[in-house]
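I'd like to ask you about the structure that follows.
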């Protein structure tokens, strides 16, 4: 089981702050593809790879990062801190 | 009459913080030359043009600035504020 | 190093006083404070900041450790708020202490640039009752590139 | 604009508080504080700062006016001391307020670079009972050149 966490408009559009899933995806990119196929909301949220970022176990990761050891994967828009 | 003011090591080496003089010099450079001839202390203080700055009426001036209208001329080393 | 991610209001002058009193042999102290602007044309009702608990503080510490490697600085402080913030309230602050001004300024700007685009915070503005998420601006990403 | 050339000690956190309370619609506040270092190898007894009364304050105002022309900043503050200063005491401070961080940082650095080399102050250090005038360093003159 992997915990998915959503922030900002991703959380709002998917309609929940997170969920636990079973996946056979081996990279972030495969996981995104899997999520896209869940339903239209997911498809729309994850349609533009340039519009969001991903963190694995609370560290920024690239889309081709492997999911081995991933317990918590977060999806969020580019940060706007400071 | 023009008031000359000296700061920092220029004041210390000349041995006074200022003096009033009559001069026929028409530029800062001529005035420096005139001061150099007063005595050895002045000659040494003003020997290296790169070691000091000049202000006319409290504004930084170049060595070729004319003395017309000059009431107060200050000599000092490069500033070390901040 | 002092890092605080908090909802509570903070008094930046009191924080900088506390920070400065802990320092020794420091010649230069730089602070940056970000404040919620009460925009002129549009009327900002309030701002809301969401963050990623757990990741936020860890990420800020990594950024500060990185600044310690890049510049000879004595110490650094970061305070960043989340939750609801009214116009005029402090959002966050950075303070850096060094022997010389160049290092203190550069480290503070570096920390700011990284906090803007790498610390997991997301700002929402509520203007005339309508809310929208603040979009990341390209200039902030560009600002980061000078530290590579 | 607030300018003070003074012998008296100042509490920079109190000054920045006062300054910040006078501001409206500001998003970024940068402060720089210069502190007398208690150098490690050599033991600084104290520092003495001489200045050019009359010219000093006028010169600082000109520098601030110049910063107002170069950047969109809301306000700026400069406090600079003269006379005898002990290690650990504040020498001077600069504060700038703007809508955005880039302007506030650049204006503060600009003011610092100009104060270093253009405001008529001269520092003397007294180390183990021996006094010497601090020499201007080439790096400070170089720092100025980036604003031309």
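Things worth noting here:
Lettered A, B, C and D in written order, each chain numbered from 1.
The criterion applied here is as follows: contacts are C-beta pairs under 8 Å (C-beta built on N, C-alpha and C of every residue); 3 or more make two chains touch, one makes a residue touch a chain.
Predicted, not measured: the structure shown is a model, and the values here were computed from it.
Counted as hops between touching chains, the shortest connection from chain B to chain C is 2. Take chain D out of the picture and the remaining chains divide, by touching, into A, C | B. Chain centre most remote from that of chain C: B (centre = mean of CA atoms). Chain B and chain D have Cα centroids separated by 26 Å.
Averaged C-alpha coordinates put the centre of chain A at 71 Å from the centre of chain B.
The distance from the centre of chain A to the centre of chain D, each centre being the mean of the chain's C-alpha atoms, comes to 48 Å. Shown for chain C are the residues in touch with two or more other chains, namely 34, 101, 112. Shared contact sites, meaning residues of chain B that touch two or more other chains, fall at 82.
Viewed as a contact network, the protein chains form an open path, each link joining two chains that touch. By the document's touch criterion, interfaces exist between A-C, B-D, C-D.
Across the complex, chain A is touched by residues 34, 49-52, 54-55, 58-59, 80, 91-92, 112, 115-124, 133-136, 141 of chain C.
Those residues of chain C whose C-beta lies close enough to touch chain D in the complex are 11-14, 16-17, 20, 24-40, 99, 101-102, 104-105, 108-109, 112, 143. On the chain B side of its complex with chain D, the touching residues are 5, 7-9, 55, 58-60, 74, 76-82.
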